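You will see subunit A twice below: alongside subunit B first, and alongside subunit C after that.
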Partner chain A sequence: MFLKELTELAGVSGCEYEVRNYIKDILTRMGCDYYVDKLGNIIAHNKGRKQKTIMVAAHMDEVGLIVSGIDSDGFIKFEAVGGIDPRVLNSKAVFVGEKKIPGIIGSKAIHLMTSDEKGKALPLGKMYIDIGTSSKAETEKLVSIGDYVSFNSKYVEFGDNLIKAKALDDRIGCSIILDLLSMKLDADFYGVFTVMEEVGLRGAETAAYRLEPDLGLVLEGTVCADMPEVDEEDKSTLIGKGAALSLMDNTTVYDIDLVRSIAKIAEDNNINYQYRRSSAGGNDAGAIHKTKSGAKTAAISVPCRYIHSPVCVASKKDIHSVLELTKSVIIENQKGEDHV
Partner chain B sequence: MFNSELMKRLSDCFGPSGREKMIRELIMDEIKDFADEITIDPLGNLIARKKGKGKKILFSAHMDQIGLMVTHVDEKGFLRFANVGGLNAKELQGLRMVFADGHEGVICCEELKENEKLTTSKLFLDVASCDKEFIKENFRLGDMCVFKSDYYETDDCVICKAADDRVGCYILIEALKNHPSTDNDVYYVFSVQEEVGCRGAKTAGYSIDPDLAVAVDVTATGDSPDGIKMDVKLGGGAAIKLKDNSLITHPHVKDLLTDLAEKNKIRYQYEILEFGGTDAGPIHTSREGVPSGVISIPTRNLHTSGEIFNKNDVEECIKLLIATAGE
Partner chain C sequence: MLKEFLFDVCSNHFISGFEYIKGDTLIKYFQPYTDSFEKDKLGSYIFKKSGINDKKIMLAAHIDEIGLMITRILDGGFLSFTTVGGFNPATLVGQEVTIHGREKVYGVIGIKPPHVTSEEERKKNHKIKDLFIDTGYSKEELEKLVKIGDIISLNRDPLSLQGSLISAKAFDDRACVAVMLETAKELNKISHKSNVYFTATAQEETGTRGAKTSSYKINPDIGIVLDVGFGKTPDMPSDSPELGKGPILAYGGRLNPKLTRKFAQVCKKYNYPIQHEAMPAKTGTDTEALQVSREGIPCILLSIPLRYMHTSVETIDLHDVEITGKAIARFINELDNSDLEEILCF
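Up next, the complex of A and B:
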C-alpha cells in the first residue's frame, strides 16, 4: 500500500508532478519499465505471458482549486478545478502553490450574515483563501495567479479497517496499480497513471491512442452513498461490500459480457463484489473504449464516502477486493481462455 | 415496394444501447448474402462491405434504441432504473416495457407530494410477480428493457417504436440489396450506442477512414399541431440535413446529395435541426476529417413508443442512398 504517501501529495488536474515523481521513483526502485508521454501520463509495462494488450488505468489527478485573483488586502480568490461542491470548501485548510503555503478558506462569520444568506451554501465567489498576509504585495511574494490549491488533509486510519484521506479518488487506483506492478505477475499488462481525468478524461485518451489496448480496466474511487437519508435504491455503492463493477455511467455503457465475466471471476475466487447502482458520473473508461477502433473496457472501483472532499473515506477491505479481482482478471485474460 | 414484414421485425427486435446483440444478429442474417465482407468491431458495430477499388464511402445507421437499465431490485420485487438515452420521466409513467427474454413490466410512480417534481428516481417498474424466486432469477442489475408497442401501418404511414433508427437500418439494408454496379468501396455500418453519444460511429469512422460519409437517421418535423418551427414534413421526401448540433453538412456533400436527387427525380427537402446529432458528428471529425452529410427520415413523436414516419419518404431515402453509393 502506497496510499498514505500518495494521498498526502498534491496533484490537482494539470499539475500532477508531485504524484508523478513519487510514482516514477517507486517504479524505478521496482525495476519496472516505464515512460512518460507528452501530456504527463506514466505508462509502465509489466511483461509476462500475453494474449492481448491490457491497459490498467488510474488517474493521478485530484479535484482542487486554482488561484484567480489577489485582492487589495491580500486575500486570494479562486476557481474550481474539476467537480468541487462549494458546500465542502468553507473553513477548510489548504496548501497554495508549489511552495505549499498554508491557507484557510474563509468567509463572512455567521454573526454577520443576513437572514437570506443563512442556511445557504456559499458560492465560490463569496469565499477566499487567507494565507495570513495583510496586503496584496505580501501575498504576491508567496502566491501567483495560476497557482494550484489542494486540500490539507492527513491520511488517518480509523474504525473497522477504514481510512480517511483527501484524493482517494483516484490515488486508491494508483496505489493498487503499484501493488499489481510490484507482484511481477507472469501476465502482461500496462499500468497507466493518467492526468486530467477530473476535467474530462484527457490523459486517458492519449494514453489509449498510443497503447491501442484490446482490454481496458479502469480502477477508481467511486461515489458511495450508504449514509442515512439515502433511499436504499439510491445507494450507489456500499462501503465494505467489495469491488464495485460499473454497468453504465455518463461516459460508458460497459460491455455486459465483460462485466458479467468479471463478476464470475470474483465469484470463482471468493472476492467480494457489488454492482454500482448509479448511472451518474464518468471515468477514464469513457475515453479508452472509444479510442481508435475501440476497446472493451470495464471499471472496477473502491466505494468512497464523501468523495471530492478533503475527508474521503474508504475501506481497506474494498481496496483489497479490487486488487485481488484486478489481478485475477489480468491473469485469466492472459491465459488465453475466452473470457472477453 | 415497402417491405412491411422486414420493417416490423426490425422495430420489434430488442436492442437498447450497449445490448445490440439480437438486432445485430437479425440484420446480419438479412444482409449476409448481399455483402462481400462482414465484420463486427470491438464495440459491436456491424460493418458490411461492398468491395471496390475506388472512393471509400461510409453509410451509417444505428441499431440501438432508447431504453431503461435496472439499477436496483428491492425485496418486494420492484425495480428501479436509469435512462439509456434521452427519455423524459413525464412520458414514461404507465408505459409497458419488455426485456430481452420477453419478461414485461409497467412503469409506475410513487405518490408525489404537492408540487413535487416528477423525476426518474420517483418511478419504478412493477414486473407483475409476488414470487421472490422468480424475480431473483430473472431480473439482475444491468438488465435493460425497451418500450413494448405494436407495429401498425396505414397505406402511407407507419406507427412503431424504435423507428429511430431501425428505419435507417431498413434503408441501409434495402440499399445494400440493390447496391449499384460501381468502383466505389462502400461500407454499410450498423452502429452501436448512438443514443448515448454516437460512440460506435466514432470507432467505426476511425477504422474505415472513409473519403465520404452519410448517416441515415430520423429527424423531427414541424407539421404537427402547434409543433416546433421547422420546415420538414411527413411526405415531403428524403430530408437532406444542412445542420444540427453535431454537424454542419459539408458543402460538397450538400451539393452532391441535392444534385443526385434532382438528376434522379427524387423528392427531397432540406432540414435544419436545432437540437440533436447523429453518427455523422463523430465521423466527420475522425482522423483528418471526413466530408459528411445526413439523409434524414422525417419522423413524428421521436423517442416515444409511437414514432410515425411516411413510407414514401423512406422509398425516396433508399433511392438517394443507392444513387450516392454509385456516385
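Up next, the complex of A and C:
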C-alpha cells in the first residue's frame, strides 16, 4: 500500500508533478523499467510470460481548483478543475501553488445571511481563498493566476477497515498498480499512470496509442452513494462488497464477454465483486477502447463514497479485492506458451 | 505564547454545556498569572488575580463552542444529528468530526457525488436533517461505542496563514480567552489595585447562561465583555471592521457610556488602535446576561474582528488579540487610579 503517501501529494489535473516524481522514485527503487511520454504519463513494464499486450491504467490526477484572479484586498478567485460540487468547498483548508501556501475557503457568518442566502448553494463565483494577506500586491508575491489548488486533507483509517483521504480517485488505482508491479509476476503487463483523466481522459489516449493494447484494464475509484436516503438506483456500488465491474457509463459500453469473463475469474478465485449499477461518470476506458482499431477494455473499481470531495472514503477490503482480481485477470490472460 | 495557547485550546473541544471535559488545558495556562481558581455550577472557569482594594472587575469571554449532538443511530453506521448552537448546514458538508462516545469515534459528513446529483439539487443547500455522519462501523458495532445525546466536535487543525493571521475552529470565542491571558500577563508587569476575575464563561452559544451565573457569583463592580465581531470579507460592506486594526469598541444601550468612552481615551493615550461599532440593542454576547446580573453591572464590550464566524475556518489576526489584552491591562490600571464611583455615576 502506497496510499497514504500518494493521497497526501498534490496532483490536480495538468499538474501531476508531485505524484509522478513519487511514482518514478518507487519504480526506480523496485528496479522496474519505465518511461515518461510527451504528456507526462508514466508507462512501466512488468516483463513476463506473454500472450497479449495488457495495459493496466490508473490516473495520477485529481480534481481540484485553479487560481483565476486576485482581488484588490488580496483574496483569490478560482475555478474548478474537474467535476466538483461547489458545496463541498465551504469551510475547507487548501494548499495554493507549488509552494503549498496554506489557505482557507470560508463563508459568510450565518448571522449575516438572509433567509434566501441560507437556502441557496453558494456558487463557485462567490467563493474565494483567504491566505491571510491584505492586498493584491502581497498576494501576487506568493500566488499567480494559473496556480493549482489542492485540498488539505490527511489520510485517516477509521471504522471497520475504512480509509478517508482526498484523491482516492484515483490514487487507489495508482497504489494497486504499484503493488502489482512490486509482485514481479511472471505475466507481462504495462502499468500505466495517466495524466488529465478528470479533464477529458487526455493521457490515456496517447498512452494507449503508443502501447496498442489487446486488453485494457482500468483501475478506478468509482461512485458509491450507499448513504441513507439516497435512491436505490443512485447508489451505484456498495462499500465493502468487493471490486466493482463496469457495464456501461458515459464514456464506454464495456465488452460484455470480457466483463463476464472477469466476473468468472472472481468467482473461481473467491474474490468479492459487484456490478457497477449506474451509467453515470466515465474513466480512462473511454479513451483506451477507442485506440487505433479498438481495444477490449474493462474497468475494475474500488467503491468510493463522497468521491470528488476532500473526504473520499473507501474500504481496504475492496482495495484488496481489486488488487487480487486484477492480478488473477493478468495471469489468466497470459497463460500458455510464450510468443513474445 | 498566545498562538501556542490558541492552537492548543482550539485543538480541544468545549461544546456548549460540556465545557467541563477539557478544563485542565485552561488551568495550565492561567494558573501562572492568577492567584485562585473556582468554577460556578454551570461550568464557567473563574481565575482571580487578587488586588489590594475591594473593587472587582470581571472580564468575560466564553469558552464554549458550537457543536453537534447525536439524535439517531442508523443502519450502515450512519448518525443523524442536531446542532448545539447556530450552524450554517452548508459549512458542515465534507467535514471531519469526532464523536465523544464511550471512546472517541472518527466520522465524516459526506454528500452524494456530483455524478448522481441533479442540477436542481446542487442549487440548494442541505438542511441538517439531510446530512449524516459516516462512522464506517455497522450499526451493531456503533451502538456499543456511542449513544443518543453524545456530543460531536468538528476536527480542524489550526493553521498559520500569512503574516499574523491564523485560522481554526472556535476562535469564537477563544480568541478572547487568549485576550484575557494576555491581560493577566500584562497585569503582572504593571500594577493593579482591583481584584480582576478572568472568566471563561460556559454556554454563551446556547443563551449566555454561564455569564449569568458566574457574574452572580463574582458580583463585580464592572464588567468587560470580550467576544468576536464580523471582520471584513469581500461579501461584506466596505466599511466593515477589518482584521489587524484593533478591537471593535461597541456603543449602545447594553453598554455603560462613560466607561466605554474611558476605554477609548485610554487607547488613545497609549496609542492602541481601536475600531468602533454602534450596537443599539442586542449584542449577541455575554453582555446580555452581565448587564442585568443582580442589581446591574456597568459593562463595556470589545470584539476581536474575525472572518467566517461559526465555521471551522474562523480567521483572526493575532496582533489584535495581543493589543486588546494590553489595552485592557492599561484600562484596569487607569481605572484603579481614577474615581470609579464618579465614572459610574449618572
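What to note about this one:
Methods note: the second predicted complex is superposed on the first by the 334 of 340 C-alpha atoms of A that agree within 3 Å, B and C clash if a C-alpha of one lies under 4 Å from a C-alpha of the other, contacts with A are read in each partner's own complex, and residues count from 1 in each chain.
As a working rule, contacts are C-beta pairs under 8 Å (C-beta built on N, C-alpha and C of every residue); 3 or more make two chains touch, one makes a residue touch a chain.
Note that the coordinates shown come from a computational prediction; the quantities given were computed from them, not determined experimentally.
In the superposition on chain A, A:278 contacts both subunit B and subunit C. When the shared chain is aligned, subunit C comes close enough to touch A:121, but subunit B does not.
When both complexes are overlaid on chain A, the residue A:289 reaches subunit B alone and has no touch with subunit C.
In the superposition on chain A, contact is made by A:234 with both subunit B and subunit C.
In the superposition on chain A, A:132 makes contact with subunit C only, not with subunit B.
Legend: residue contacts after superposition of the two complexes on their common chain; A:164 is shown touching subunit C, with no touch to subunit B.
Looking at the shared chain after the overlay, A:104 reaches subunit C, while subunit B stays out of its contact range.
In the superposed model, A:247 lies in contact with subunit B only, and not with subunit C.
In the superposition on chain A, A:92 makes contact with subunit C only, while subunit B stays out of contact range.
When the two complexes are overlaid, the chain among subunit B and subunit C that reaches more residues of subunit A is C. Overlap of the subunit B and subunit C interfaces on subunit A comprises residues 234, 278. Partner subunit B is touched in their complex by these residues of subunit A: 214, 232-234, 247-248, 253-256, 259-260, 275, 277-279, 289-296. For subunit B in complex with subunit A, the touching residues are 17-19, 41-45, 69, 71-72, 74, 80, 82-84, 121, 141-142, 193, 196, 199-200, 202-203, 206-207. Those residues of subunit C lying in contact with subunit A across their complex are 74-78, 86-88, 90-91, 93-96, 106-117, 122-126, 130, 132, 134-138, 141, 156-157, 159-163, 165, 167, 230, 232-236, 242-244, 284, 307-315.
For subunit A in complex with subunit C, the touching residues are 71, 73, 75, 83-93, 101-113, 118-122, 126, 128, 130-134, 138, 142, 156, 158-162, 164, 223, 225-230, 234, 236, 278, 280-281, 305-311, 313.
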